[in-house]
Amino acid sequence: MDLTLNEDQLAVAGAIDKLAEQFASSPVDFHGFALVSETLQQELEEGGYFDIAAVPEMGPLSAADAIYRLAQLPYTAEVALSMLVGPVLDELALPVEIQRPFTVIDNQRPGRFAATAKTLIFVDGEKVGVASSDQPDQKLAEPLPDSLYAYPMARIPETPNIHWLNDSDAQRVQAALRVATAAEMAGLIQAAITTTVEHVSVRKQFGHPIGTFQALRHRLSECAVLAGGVRWLAFKAAWSSDAGDAALALLHAQESATRVIYDVHQMSGAMGMTLEMDLHLWTYRLKALMSELGGRAGNAQAVGEACFSSL
Amino acid sequence: MDLTLNEDQLAVAGAIDKLAEQFASSPVDFHGFALVSETLQQELEEGGYFDIAAVPEMGPLSAADAIYRLAQLPYTAEVALSMLVGPVLDELALPVEIQRPFTVIDNQRPGRFAATAKTLIFVDGEKVGVASSDQPDQKLAEPLPDSLYAYPMARIPETPNIHWLNDSDAQRVQAALRVATAAEMAGLIQAAITTTVEHVSVRKQFGHPIGTFQALRHRLSECAVLAGGVRWLAFKAAWSSDAGDAALALLHAQESATRVIYDVHQMSGAMGMTLEMDLHLWTYRLKALMSELGGRAGNAQAVGEACFSSL
Amino acid sequence: MDFNWTAQQQAFRETIRTVLAKHLPEDWEHVAHGPASKEQTAFAKQFCAALAEEGLLVPHWPKAWGGRDADPWEAFILAEEMWMAGEPRGGQYMNVNWIGPTLMLYGTDEQKEKHILPMARGETLWCQGFSEPESGSDLASLRTRANKHGDVYKINGQKIWTSYAGDADTCFCLARTSDGKNGISIFLIPMDTPGITVRDIPSIIGEGDIHEVFFDDVEVNQRWRLGEEGQAWEIVGRALSMERVGIPRFSLASKTLKDAIRLLKQANRFSAGVVEQAAKAHAACEAARWYSYQIIDQRAKNLTTGPEASVGRFSTVICERLVSEFVVEHVPEAISGVHPMLLAHHQRGIVAGIASGAAEIQLNIIATQFLELPREPR
Amino acid sequence: MDFNWTAQQQAFRETIRTVLAKHLPEDWEHVAHGPASKEQTAFAKQFCAALAEEGLLVPHWPKAWGGRDADPWEAFILAEEMWMAGEPRGGQYMNVNWIGPTLMLYGTDEQKEKHILPMARGETLWCQGFSEPESGSDLASLRTRANKHGDVYKINGQKIWTSYAGDADTCFCLARTSDGKNGISIFLIPMDTPGITVRDIPSIIGEGDIHEVFFDDVEVNQRWRLGEEGQAWEIVGRALSMERVGIPRFSLASKTLKDAIRLLKQANRFSAGVVEQAAKAHAACEAARWYSYQIIDQRAKNLTTGPEASVGRFSTVICERLVSEFVVEHVPEAISGVHPMLLAHHQRGIVAGIASGAAEIQLNIIATQFLELPREPR
């Protein structure tokens, strides 16, 4: 057992943190939901970071850690799927050209980055299909600018050329999707807590910073405990690539996010309702991920099959 | 709409409160779980209180209110089923002699008051059967003195002479059972909160009564909100005798109890672990009722059928 | 007890629904999206005038002021139906619920003449100048100053989170005339008075919903002070008691839950786990419903309502939370702009625990007054 | 990172299981019911002696004191296996984890000679005299007095919640030698000293588990004071840091959850809703597991462990809660005495958030040291 990042992984983490610095603050005049940075995506591409999961010294764990770190930025980009799901799709050698960035269309619902994605991953229960966007239909992607989710959302109409995966490939891709989503949620939860800690340390009520009130301190501490647990389960699942671990990590992420989203908004009060505080950038990303890949109910059933069927 | 007890109902409530006075404190030297009072049961019998549900001026609502009040006593007796389920069984005119007290044997599990009950109600999913204990097998009731539940618990072996009810009768009895249980839980939750309020108002930490700490005040207040909601839903269900209302009331009781039990024990600390504080009398009765009549999952499905099927 | 509506109450509810059907436009779902969007506010003006003509704007007001002394049940049924319909009255619900009645109690004849009848005709929009940057629900730390020079007060300070300020005609404004809790006074200030600046705060709740209002040497004649100097604490307390139950949020939450269940059933996505979560949310809505009705029942019977009102309010916070979470988790496309009314509920629901009388304040009241726990050390 | 056990660690775990199988009696389930029942305590004495002979009582102690300097991982694997087996070491786990090591650091030669080797042989049982009626986790308000008369301290006061006091040989007792936080000292007091009275407190956790201990002019020679006068705060801090992760409760919670699932499957009662709740509890157990292992990893690497230890502890509280609730809700007969090991877990689990280092204290540490929130006003 060794629960510390190895030297290569630490080096990646350091480099990611350095790269992230320039994206660490949202523009003062930004008052929207989807704060997307193409530069971020380009720099990750150029730095070769989308390949780290495939490098033995680093592996998926290092990728999950990078996702976790980058998810804490106010800027978003299609990072998680490229880092953890892309390498798996590459390995499967499918008869579909696999190109970054990716999107997930779960149960025909709007998908994140769906308007710009080059590879579309369709999920319907346990079924997984892949399609390339290099087909005429791509033009049909319908962006949803009024979405409250803090990602660029779009609907994709029926795409005819979906290549459906066999069961074992589908399970591998589902697992990678779940780990990627759990790692992203771990970062988002952490960022929501960090933002809230800053807010309550400054904002005063009855003459004291509200962060001094015990009721709030205890709740925020419980949130912090959940946040770390989500990160641990995501890391474990990234390391093992096990389907049960992946479902468990995403279940815990979605269950914990439910609690954390409510609490941080409660503590941030009216400030958290404004688009001038960054809180919604985290919470309205988390909300977009609450229902992904089965949601709590679906992930719990997947956990049941993977972890309890031998009992 | 009229949400105040009528004069007859108020009179019953007053009489119940008066009768309850002599049972208001547990004996100083009692350090067990099942604190049963036969006198309480006798006095209710003699006062005719087991019949109030059948009296038009009072009705099941008045019975539910009485159950709620009596459930707050440290002493327990088979009150809830006699008050709310007995009258329904009487009306069904079954070929089984219906005599107080009653017990419920849910899914072959140990039942409250099962060793002394004269009428056994068997529940298995949606099926309901009734048997009289006036058969030789009765002697086979196996008391469970080591039970942590604060009711006298016993197992009943297979009873051959169960009269199974038709679906519509079964549904009526299930509804009555659920309302009776919800009303009892409403009282138990209230009593657990009252006991905890007393405890935290006196017990000091860091030089202040722990009831002055905000974290605790807010949690206990949330518990109080839940408690009142449980009572309202139980009363509404008693008033309407509707299957959906009944399942809803019990679902809310079991869901709220889960939260309240944890919180009151957390706030009572080591004191709540002792048998010298009465807390366990409420919480270990609530725990016994958590799984009754389908538990949260089963009651939620019953709510779904009754309340959502027309949507 | 009787948990049923009387025939008269049911008929009244039907009347409201008929009137709503008559006056709400076809594309109402798209108008109703932001609680205080320009579109909604503009529509509210015409709608409230129509409602006044139908006798449904201020039925619970005294006859002298355009009402018919309807009982608290009818007032609440009206509030429920309006809220369920997406509150087409916009910000005018405040006039109806508490600003008008407060002026009736504390206003001078001149103040009443000028303000009450226009409210009863649905012609005016008010905003509420309570919150300030450093004092949320905590009036004691109010800092906006009103200094008297002859007959005129000069007001300086800043308000925040002010709903409707962008379009309001008049501000029900608190300002400090001297130090301490009893040094706060109320001023009825036309929003076009020189020195008032309004800034939109972009928000999740919707465009144009919340604002900052800056007061820069704003001159107000003492005729427009409501009550005596320093009487604000008392008047606001009285006004809040009229709002005891608050907005009947449980009714829209309950409707939203049912709408979401319908969508899930159509899509064949209403599985066992989803049913369980829906049932729990439904229970919370019903608990909030009966709590709220209990307060109305007491008011209708002229009984004093104690801290139970706070218990009722918090039960509404719980139900809003569960319904919002249910929708986001199971009908996520709702807030991607696919279902405008579900989006509108989301925007209204998220402020449940934060808006006037924040949840924490309610919990403090419950702890101290309802449970009678010892007070916090200060 | 590597989330797998090494071959050596796995082998060590197997060794422990073999030893447990060899030494636990057939009816162990019925002996293990109360964490500190007379039966369990009596059995612990013979079991710990056997464990010592097998080299498994104090493997992580230095060779000089009967150990073999095993690393923190092995010590924790041992703790996990023992706790999962129902802690057959009874109260002696305290000797092994922190009383022995603390005496090694702060004891005089005489104190070490007298106490450490008997611990290493599994011969002695200690109890911990910390809590008092008016001071739970709050040492500053400790009131038991130790007044010095020549070489002898006279101790007067009262301890409460003292586990194992009924059978313990020695008490690791805190008493006040002067005022203030730095006025507390530690005494190693034989429980048969005249003036000590022990009262059983009947409890949910099981008969004989918790006690009150009264000290009535109890005389203790200064030779049996551990460390200097007033050094208690430092020594206890050091001792607690040895206990940082605390009991590996997640391991028994996780095992209990699986046992309950097995029972439900046998009875065909493991339906979708139940699976969901089980999965959530499982996730909480695993989160607590990795948090706990992280602390061991840091200790094994000689890194300082900061407030993460409190985070880990609280994650254990969460998992214990979910598992306890799961069992009560779905296998209710478990605590009706039908499944002794599930009952035993219940009795152990319910104190998770209350026992030494109560959950609230952990949350305060997390808030101040981990999140770095501003401190509460006092």
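The letters A, B, C and D name the chains in turn, as written, and every chain counts its residues from 1.
FYI, a contact is a pair of C-beta atoms (placed from the backbone, for glycine too) under 8 Å apart; a residue touches a chain by one contact, two chains touch by 3 or more.
Everything numeric in this text was worked out from a predicted model, so none of it was measured.
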item: For chain A and chain B, chains touching each; value: C, D
item: Chain of greatest Cα-centre distance to chain C; value: D
item: Result of counting contacting C-beta pairs for B-D and A-D, higher pair; value: A-D
item: Inter-centroid spacing, chain C versus chain B (mean Cα positions, whole Å); value: 39
item: Chain centre separation (chain B, chain D; CA means) in Å; value: 37
item: Chain centre separation (chain C, chain D; CA means) in Å; value: 53
item: Residue numbers of chain D (touch at least two other chains); value: 271-273, 276, 360, 363
item: Contacts with 2+ other chains: residues of chain B; value: 213-215, 217-218, 296-297, 300-301
item: Chain contact graph, described as a line, ring, star, complete graph or other shape; value: complete
item: Residue numbers on chain D that touch chain A, as the complex places them; value: 1-6, 9, 73, 258, 261-262, 265, 270, 272, 275-276, 278-280, 282-284, 286-288, 290-291, 293-294, 297, 301, 308, 311, 314-315, 318, 360, 362-364, 366-368, 370-377
item: Contact set on chain C toward chain A in their complex; value: 131, 134-138, 140-141, 160-161, 201-205, 210, 269, 271, 273-274, 277, 321, 325, 328-330, 332-333, 335-338, 343, 346, 350-351, 353-354, 358-360, 363
item: Chain A residues within the chain B interface of the complex; value: 213-215, 217-219
item: Of chain C, residues touching chain D in the complex; value: 271-273, 276
item: List of chain B residues in touch with chain D within their complex; value: 31, 107, 109-110, 144-149, 153, 204-207, 215, 254, 258, 262, 265-266, 269-270, 272-276, 280, 284, 287-288, 290-291, 295-297, 300-301
